[in-house]
Amino acid sequence: MGGSTFGRIFTVSTWGESHGPALGAVVDGCPAGLSLSEEDIQVFLDRRRPGKSRFSTARNEEDKVQILSGVFEGKTTGTPVSLMILNKDHRSADYGNIAYTYRPGHADFCYDQKYGFRDYRGGGRSSARETAARVAAGAIAAKLLKETGVSFMTYVRSIGPVSTNAFDPDEISRNPLCMPDAAAAEEASRFLEKCIKDQESAGGVIECRISGVPAGLGDPVFGKLDAVLSQAVMSVGAVKAVEIGDGIKVTAYTGSDSNDGFTTDLSGRIIKTSNHAGGILGGISDGSDIILRAHIKPTPSISKPQDTVTRDKERVSIEIHGRHDPVVVPRAVVVVEAMCALTLADALLTNITARLDYIKKIYG
Amino acid sequence: MGGSTFGRIFTVSTWGESHGPALGAVVDGCPAGLSLSEEDIQVFLDRRRPGKSRFSTARNEEDKVQILSGVFEGKTTGTPVSLMILNKDHRSADYGNIAYTYRPGHADFCYDQKYGFRDYRGGGRSSARETAARVAAGAIAAKLLKETGVSFMTYVRSIGPVSTNAFDPDEISRNPLCMPDAAAAEEASRFLEKCIKDQESAGGVIECRISGVPAGLGDPVFGKLDAVLSQAVMSVGAVKAVEIGDGIKVTAYTGSDSNDGFTTDLSGRIIKTSNHAGGILGGISDGSDIILRAHIKPTPSISKPQDTVTRDKERVSIEIHGRHDPVVVPRAVVVVEAMCALTLADALLTNITARLDYIKKIYG
Amino acid sequence: MGGSTFGRIFTVSTWGESHGPALGAVVDGCPAGLSLSEEDIQVFLDRRRPGKSRFSTARNEEDKVQILSGVFEGKTTGTPVSLMILNKDHRSADYGNIAYTYRPGHADFCYDQKYGFRDYRGGGRSSARETAARVAAGAIAAKLLKETGVSFMTYVRSIGPVSTNAFDPDEISRNPLCMPDAAAAEEASRFLEKCIKDQESAGGVIECRISGVPAGLGDPVFGKLDAVLSQAVMSVGAVKAVEIGDGIKVTAYTGSDSNDGFTTDLSGRIIKTSNHAGGILGGISDGSDIILRAHIKPTPSISKPQDTVTRDKERVSIEIHGRHDPVVVPRAVVVVEAMCALTLADALLTNITARLDYIKKIYG
Amino acid sequence: MGGSTFGRIFTVSTWGESHGPALGAVVDGCPAGLSLSEEDIQVFLDRRRPGKSRFSTARNEEDKVQILSGVFEGKTTGTPVSLMILNKDHRSADYGNIAYTYRPGHADFCYDQKYGFRDYRGGGRSSARETAARVAAGAIAAKLLKETGVSFMTYVRSIGPVSTNAFDPDEISRNPLCMPDAAAAEEASRFLEKCIKDQESAGGVIECRISGVPAGLGDPVFGKLDAVLSQAVMSVGAVKAVEIGDGIKVTAYTGSDSNDGFTTDLSGRIIKTSNHAGGILGGISDGSDIILRAHIKPTPSISKPQDTVTRDKERVSIEIHGRHDPVVVPRAVVVVEAMCALTLADALLTNITARLDYIKKIYG
C-alpha cells in the first residue's frame, strides 16, 4: 500500500503538491447511505483556513472543496468519494530563491536524497498544504462517526511557554488560537507578537478528546487503537511527540496511581472510576473518553538568518520571507482531529467483523 | 491486513497466547541470501528473558526459538521464515481466580467487550509474553539492517522518578536495569525494592538510538518514518507516549532553536550541525542518528488491593499475586529495539523502489 | 485496502462514475525520475476511445487527461500522480427510464443489494467508463516497464464465432477491430452488422503478449504473477475467463507435451525450448513471453426486448436503446493491456526487494 | 503485504517447505465465537491426503494438524489461529540428484533466478505440499461460511480427454477421482493406467459450485468477487485457466443468450431465470450459485526422459522417479474449494462494512 494511503477498510489516499493545479483525497470504503454534502466538508476546511488571525499566513486560499464522485442524491453510494481542492493563489516566484537551498527544519534535503530531485515550489508534497486533503477526508469520517454517537473536542493546550490553566469549551472557537482559556490565549498572543518581532516562530500542544467511543475498537497487536492513532497523528508534519491519556506523566506513577478501577454506574453499565489510560487499554477502547496530545515543533520557516548549504554543497545563509505562520498550532487543530476521525472510523468498521454474533445479525 | 501483521514489504505476523502450547511469528519478505541461524535470534530473546534480576518474574521460560521454514543451508531463501517458541512453564491454576474479574490497568474488560469472551489464562493474547514473538522477528530485521550498516543502542533512561545523568554505553549491559549510568541503576534498584515492599510497581522511559541509517527512508505522507515508528513502538503494551528527537521539549523552543542547520563534513558530505529533529525531517530519515523514546506505565499487576468488578458486574477487591515484575521497563528494551528494527527494515526495502535509477541498477 | 486500489508498491486507485463530473486515478509508488507527459497517457486513452468504428458508441467523449500532481519539470517526483478525465457528454435523460429496472447482464440488482441503492445514471460506478481511469494509470506503468525493456502486444483473437487464423502484427492497428488478420476482421465486421440488425451483441477473446520480462517476477504463493494477472484481467467488466499460456488446452495434454524443456541459446543464456506455460512457472516469470487471454461476454445492453423486474419486483420487458457498442472487445484491448502493465510494474518493483545482493547494490 | 498472505479482513498467511520440519498457516481476522476443533480441520486435510488411490503418491504423510493459538474452550477468540502440520516422511535422498538440474514444468529455474538459489528438497516452497496449509485454513473459512448458510460442492469435471457426462452428487465421494459420474471415473482410471505405463501424466478440470451466497459480496472495482476468486484459484500451482459461469463459451453467445433475466420466485424474492453469469454480475454476487472451473496442467514430474539443463548450463536428460502422482487433479479438489472458501469468507466480512444501516444495527 502506497505511503499516501491510510486505513484498512475506511481508507483515504491523498495527492497533490503545494503549487500544483490542485490537491485532493480519495476516500474508499465509506459505507453507503451516509448523508454528505460539500458543505459538510467545507465546515472542516474553513477551520483550517489561513488568514483568520494575524498569526497565520496571508495566502488567501479559498480551499473550496468539490465532490467528484461517490455521492448520489445527497448520500454516499459506497464507492470512492473523490475530493478536490484547486490551488488558486500560488505565486511561484516567491519560492524561486530556495529552489536549491536546503531550508533548516524542512524536508528539502531528505526529498532530494530519497527521490534524486524534488518539486521545490512551496515545499511541494511536504508542504503543510497537503493536510487540506486530509481535513476534507476527515470531515467524512467525522460525519460517519457522529452517526454512531462519537464526537470530538480538539483545542490548543499550549503555545510556546504559555499553557492553558482554565478549561472553557465555549472559549475554544472564540479566540483565533483555539485555546479553552481566554487569559492564556491573550498571553499567547503577546508571545507570538514577540516571535514575529524577533523573526522567530513557536510550537505548542494540541489535545484531542473523543467522546462516545464504544468499547472494543482497535485490533491487537499491531493494529492497536493507540498505535494507529499515534501513526495518524505523528504523520502530521511538525508533530514530534504523541501522548495517550496521562502520557509521559505515568512513568513517575506507582501502579495503583496509574491503574483505573472499574465500577458500575447507576444504569448498571461497567465504567472506569478514573481515566489515566486515556480511554484505551491493551490497544482497545474501553468506553471512556479517548484523550491524546500532539506536540508540535515551531514553524521551521523563519526570516532570521540561518546557516545551511545548497544542493551543490555551497555554504550559505538563508532568510525565509514570504507567507509563513509564526505558529501553525491553531491551524493544525482540525488536522489532528481529522486524523483521529479517520482512525476511529476505520476501527469502527473493522470492529464489526470481529464477532460471529455481529455477522449473524447482518446475514441471519 | 489483520491487526497481527506489521509492515509492507518486510512483514511480520505474530500469533499465540500466554498459556497456549506455543507462540510465534512469520516473517515474510525477508530478502534471500541473509545468513541466519537460531542462535542469531536466541541472542535477542535472551535479552528479554525474565529471571535475570530480582525485579523480574520468576517464571522460567527458556524461550527457545525454532526456525521452521525459510532458511536453507544457513541462508534465508526469500520465502516466509516461521519462528516458534514453545510455552513450557505455564501453571494455569495461578490465574483461575481472575478468570471473570477485570484487572485494573489490563485489557480484560476490553477483550470481553470486543470479542464477547476471552482466553483469561495469563492475559491470553494481551500478555506481554506476545512480545517474545516480535523480538524473534526483530532479530532478523536487525541482522538485515546490520548488513547495510544500521545499528541500534537501546537503554533505560529512567525508572519511576530515577533518571540517568551519565551516559556510559558499556554500562548498559552491566546492570540488570539496562541503564547507561551505574549510579542511577543503583538508585533505581533501591526504588524498586521499595515498590515491592509497598506492593506497588513502577514505569520508566526507554530510549533507542539508531545509527548508520541512510538518508531517504520513509514514505510521505502517512508512511512517514516517524509515523510508522510511533505505531510500532506504541503497539508495545504499556507504552503511553512516544517522542522523536527532542520530542515534547520542542514545543517550548523558538524556531531557530528547533531547526538543525546544514553544513558539509570533511569528506564533503552534507550533514546537520545539530540533531533536535532526531534524524527525521518531513517523515524521511536525514542521515543523522534516529532517536526516540518510549514512555512506559507501571506494571498494572500489583498485589495491593484494588477495587474492580467481575464480568457479572459484582463489585470486588482484587489482589494480584503470582509472578509479576514490579517493573517491565528493562525487559521491554529489546522489544522497543525489535519494533524499531522491523520498521527500519521495511523502510529500507521499500525505499529502493522509489527511484528509477535504482531500478535500472538492478535490471539494467 | 479499499476495493478500488490495486497493487502493493506501484498502486493505482480509481474513482468516478459514468455520469459524475469526472473520473480519475491516483498512482502511488511510481518511482521518481520517469519522464511523463499528458501526451504519453493520451495515446493510451485514444486507443480506448469510442467512435472509431461504427461498432462502438457514438458518445463523443474526448477523454482528455489532466495530470494534477506528481510530475515536475517533465518527470515523476515519486509522489502520487493524480489523473483526471472530465465527463463532458452525459445526457442523463437517456437513462432515466432504467433507474429502477434491473437490466439483465448488468450489475444494477447487485449494487442495490450491496449498497441499498445506486447511482443509476449510465451504470454509475459499474459502467465500462471506469476503465478509462485504469487505462490512464496503465499508460504510466507501461512507460515505466518500457524503461526496463518490457513491451506489450495486445489484440483481438476472436469476435463471436469469428477467429483469427493469420497473425500479422502490423494489421492490428489497421482495422478497427484490432485483429491481426485482415480477412478475419472483415468477416467479423459482417458478423457485427448482423448483430446490430438482430438487436444483438457479441463477445470475443483478447490476447496479450508481453515481451522482455526478466525472469523472477511474481511472489509465491498468493502473489504469484499469474494469480495477480488473473485478478487484474478478471476485474475488467465482462471478462468471464482468463487463460495463461496454452490455458484450457493443457488439460488434454500429456506431461511431456505440456512441459517446456530448457536449453541454452547462442549467448549461453538459459532459455526454454517451447512456451506452453506462457512465460510463468510456479507463479514466477521464466523469461519467455508472457501470454494470456481474456474471454469477454457479449455487451449486455441490447435493444432486443428482455424480461426482467423492477426494484419494486414488478415484472417488465426492457429494451435498452441509446449509445451502446454491439461489441466492446476492440475497445477493451487497451484495458486488458493496462491491467497487465499495472501488474507487471508492481511485480518488477517488488522483485528488487527479494535479494540481499540487490539491496547491497543500492546501499553498498 | 507479503506474497504469502491472502485476504483483507479474514486473512491467511502460509509458511513452510516440502522438506522442512513443518508447514503451517496463520489465520487472522476470524471472528470470535466460532466453534472450532482440530477435527473440523482434519476432515478437510484428509480429503487432500495422498495414498487414497493408486494414482496418488505413496508418500505417507499423516498431515495431522495442530491448533497452536486462537481457540479457547472450543471457540475462536478473534485472535490469530495458528495451524501447524509436521513433515514426517521426507526422504531427502530421493531428491538429491535434481538439486542443480532444472526440471521441465517446475519452478526450479525461476526460483534460482528470483532468489539466487533455492531449497531444492522436494521443490521447497514451490511444492504442492504447501497447499496443505491452505486447506487447513480453508477449513476454518468453510466453517464460518456454513454458519451463514454457504456451502460448497467441488468435483472433477474431466481428466485428460475424459469428461463427465452425468452428474450424481453422491458419486463424487464414492470414486477416488472425485467425479460425479461413475462411468467417466472408470474410463479416466483406465486412461491413467495408460499414463503410468507410458511414463506420462495427465491434467484435468475441477468445478466448484457455491450455494447459499447472499447477494452483495465483492468490492468494485479491483476487489470484484470474480477477480479475487481468479487470483485465489490461479494461485494454486498447475492451474492454467479459470472460468466463471459459462466462461469461455460466452464469447460465442449473443447478448440475449448470455444475459440472465430477472423474475420473482413464489416467496417474492428476486431471482435470475438462468445462471450463465455463474452467480456474479459486475463483480458482486447475485444470489445464484457461484460456479467456477479451474483447468489444471498435467503433473510436470514424469519418469519419461526429458531434455533440460543444469544450473551450470550443462545440457542433460532427466528422468524423474520417486513418489509422484500421475494426476494431481483429484487431490486438488479440496485445494480449490479451500481457496474459494477463503475468498468468500473475506468477502462476507468485508461486505458488512458497506452499508450505514448495517453499522447502525451493530452500534445502534
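Think of it as A, B, C and D in the order they're written, each chain with its own count starting at 1.
Just so we're on the same page, contacts are C-beta pairs under 8 Å (C-beta built on N, C-alpha and C of every residue); 3 or more make two chains touch, one makes a residue touch a chain.
Here the structure is a predicted model, which means the values were calculated and not measured.
J.: With contacts defined as at the top, give the pair, A-D or A-B, that has more of them.
T.: A-B
J.: Quick one: point me to the chain whose Cα centre is farthest from that of chain D.
T.: Checked the centroid distances; the maximum from chain D is A.
J.: On a C-alpha centroid basis, what's the spacing between chain A and chain B, in Å?
T.: Between these chains, centre-to-centre, one finds 26 Å.
J.: Centroid from C-alpha atoms only, then distance chain B to chain D, rounded to Å. What do you get?
T.: 38
J.: When the C-alpha atoms of chain A and chain D are each averaged to a single point, how far apart are the two points in Å?
T.: 44
J.: I need the residues of chain C touching at least two other chains; which ones are they?
T.: Residues 1-5, 8-9, 14, 29, 32-33, 78-79, 114-116, 125, 214, 220, 350, 354-355, 357 of chain C each touch two or more of the other chains.
J.: Which of the residues in chain C end up touching chain A in this complex?
T.: It comes out as residues 1-5, 8-9, 11, 13-17, 20-24, 26, 28-29, 32-33, 66, 68-70, 72, 75, 77-82, 84, 114-119, 121, 124-125.
J.: Would you tell me which residues of chain D are touching chain A in their complex?
T.: Touch list, chain D to chain A: 1, 8-10, 29, 31-34, 76, 78-79, 144, 147-149, 214, 220, 348-350, 352-364.
J.: For a test of understanding, state which residues of chain D touch chain C in their complex under the given definition.
T.: On the chain D side, the touching residues are 1-6, 8, 14, 102, 104-107, 109-111, 113-116, 125-126, 130, 158, 160-161, 195, 198, 200-205, 214-224, 226-235, 237, 240-248, 250-264, 268, 270, 273, 277-278, 281-287, 295-302, 304, 306-309, 313, 315, 350-351, 354-355, 357.
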